[in-house]
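We call the chains A, B, C and D, going by the order they appear; numbering starts again at 1 in every chain.
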């Protein structure tokens, strides 16, 4: 698959995971694409700079550059929306009132701990709301291609990049497979490609197991 | 009482070494006119508390390029290439905080709270050197409140007493910054008479605001343009 | 989505021993209809977090008189003569907090903050047994966040999703209580369609509210009268 | 003087102390009376249950029992007013944004520490906003008759009632005299009655001194 196609497949699969009525925060990158696959499902998008009820990007006509999302892109708002300040916005996030956060990652380890803010060998001068979202959301889904551009697996035995927090994520939707994280660690929930468990294990570099609820029909 | 002054009058309110709390996320809700006035002064060695250091070469970015900023406290500086370089060379101090921790620390500074315990960043590099405490079985780290000498903020409307309302996501950090500055200057798009703002909907009560100035910037398409 | 339910349906949301966060200051902003519904249940051993225990024999006072309250956490119980007597006899536990500390503790409970340091009550009887800490040369005491099993609040208007706006000083503790309850039930004077409340002016976003019921009380002169 | 006259004299003297534009919180009792002597001076009254810009009591016609002050009495609001929640209201108080708090007291000691919440030999089940106001207001003025009903002085060498906090008050306006509190302790700033310093000292039970800025013309 082309890179953009992979991204869309991941976004679409995550959209299926969201439930009617949920409060959802979508991170920058693939997570942002999830909103395009929600169809009729009413989920309420929160953006940490102070809006619940974010709508699609504006047309040129109704562009308002003060009305932006956390990625600083212009957005619109829905009629159910509300605006609030940054302290209250992070109160919503950290206090456990966001049902699902969908986040990009650099790495996720086999226990579900993620690294998504600090690129190695580069000055680390940005964290934004990444750590608050990992810590506070009721459910965290990570969205990423399974392999970095240099071919290394983002699913790792131990993080080599800096951790975003001690909170374990719930789900990792990649272009090859969907992984769940329980007390027993990572398990394969679904294959997204026509690939065997052995082949996938070889690719990531360690043995993977199916989850009890593995769905082979997907 | 009338807190509205000419923008040039604010220059005298700053001094070398001040800690300046600045509202805004990206450029949305950033007091661009106040920053321009600061550029006209010879004030230096500023510590700036702000989510980011401007964007697209505007706002605090200009203040930084003029060499007025000694230290920045905020959550996201990565996109400011010049700031990153200055930091690498040891010419700029940076305190990096998670965005929610930053917002809460400023709120505490304005509300007489000395510090607080947050779950965010526990176990990460940003928790290094910070006190950890277990409360009801969960791990938290201690963060101190943040206050400033001057807070510079941007609102949509002010009445002449300094009551403020905001516009959409341009609200962001502004209401907290307004509570935590010794001197508080609000730049606004529109100044109205007392009584024109609904008491139920005022976000920042006038008690927090010392001076109000008319913004010289307007939104034109995808840009903030100096127009007045 | 529609969060509006019949008031009698809320009875099943409570269980013995629950900690109930209750909005209101005096009777202003108190969810009188929700309290009436609680009176119809056989729930008991409640801990109530509220500024006071009702007033003039109404609101939480009725719940207390029915023997449902085991413990009260709040700032002002002196005028509730029966509660004072019960406390003297050891039949009612009371945790007394300064009003500002109470409000802040609930806000923290809803915002994922484990606890905070306040200047209020340092050196007084209400600081006894509490950790003291000096921050920047000033003395503070530690207070833990407060959360609840159910929060019962009163607002002026709700839309069907649960966005809320309040009326004058009936706002008081309600917005904080709304953030800190596991289940949140809002009693309102008026229910409107989604889109009728201005997004800039919503005080409590719908994310915090689980159920909305129509209040059965109206203000008639100097009384709250059950009228529906 | 009759008891009510004394209260009015104290309230009037405190009104003189307030300055145009100040944010002022008036406690219950004598402090509430201060608002009647403000004349044309524009001060903004804050009430800790969530209102800045409190107006006079309502007429029967415009009575709204949800709109009350901290003493639970119906009030009105001025056109410059704003409403906020209790956490924000105490942020305003504790954060030092109230210029003056005028408070009733049971006792004040010679250093300026006050007791105003707990009556001895009675169950102590109410504190309300008393401690927050003592701690947070920029200036604290106490308003009380100098002697309790049983004749004992409210100005004492050491508090025998429970303290409201370590913060020292600035001014004590009584029916006999106005007292200031500095690092050197209590001083007499003005006499409110035709009485000598010696007579006053005898009445309170210890020696009092004039403040450097003592104003004999008052």
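In this section, contacts are C-beta pairs under 8 Å (C-beta built on N, C-alpha and C of every residue); 3 or more make two chains touch, one makes a residue touch a chain.
All values derive from a computational prediction rather than experimental measurement.
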item	value
Pair joined by the larger number of C-beta contacts - A-C, A-B	A-B
Averaged-CA centre spacing for the pair chain C and chain A, given as whole angstrom	35
Centroid distance [mean C-alpha coordinates] between chain D and chain C, Å	29
Centroid spacing, where centroids are CA-atom means, of chain B and chain C in whole angstrom	33
Residues of chain D whose C-beta touches two or more other chains	77, 83-84, 87, 90-91, 93-94, 135-136
Contacts with two or more other chains, residues of chain B listed in rising order	104, 107, 111-113, 118-120, 166-168, 200
Each pair of chains that touches, named by its two labels	A-B, A-C, B-C, B-D, C-D
Chain C residues within the chain D interface of the complex	25-29, 51, 55, 75-80, 83-84, 87-88, 94, 96-104, 106-107, 118-126, 139, 166-176, 203, 219, 221-224
Residues of chain C that touch chain B when the two form their complex	104, 108, 111-120, 133, 135-136, 138, 140, 144-145, 165-168, 198, 200-201
In the complex, chain C residues that touch chain A	1, 107, 109-113, 159, 161, 163, 179-180, 194-195, 199-200, 202, 205-208
Touch list for chain D against partner chain B, complex	20-21, 23, 42, 44, 46, 52-53, 77, 79-84, 87-88, 90-98, 135-136
Residue numbers on chain D that touch chain C, as the complex places them	47-51, 60, 63-69, 72, 74, 77, 83-87, 89-91, 93-94, 118, 123-132, 135-136, 162-166
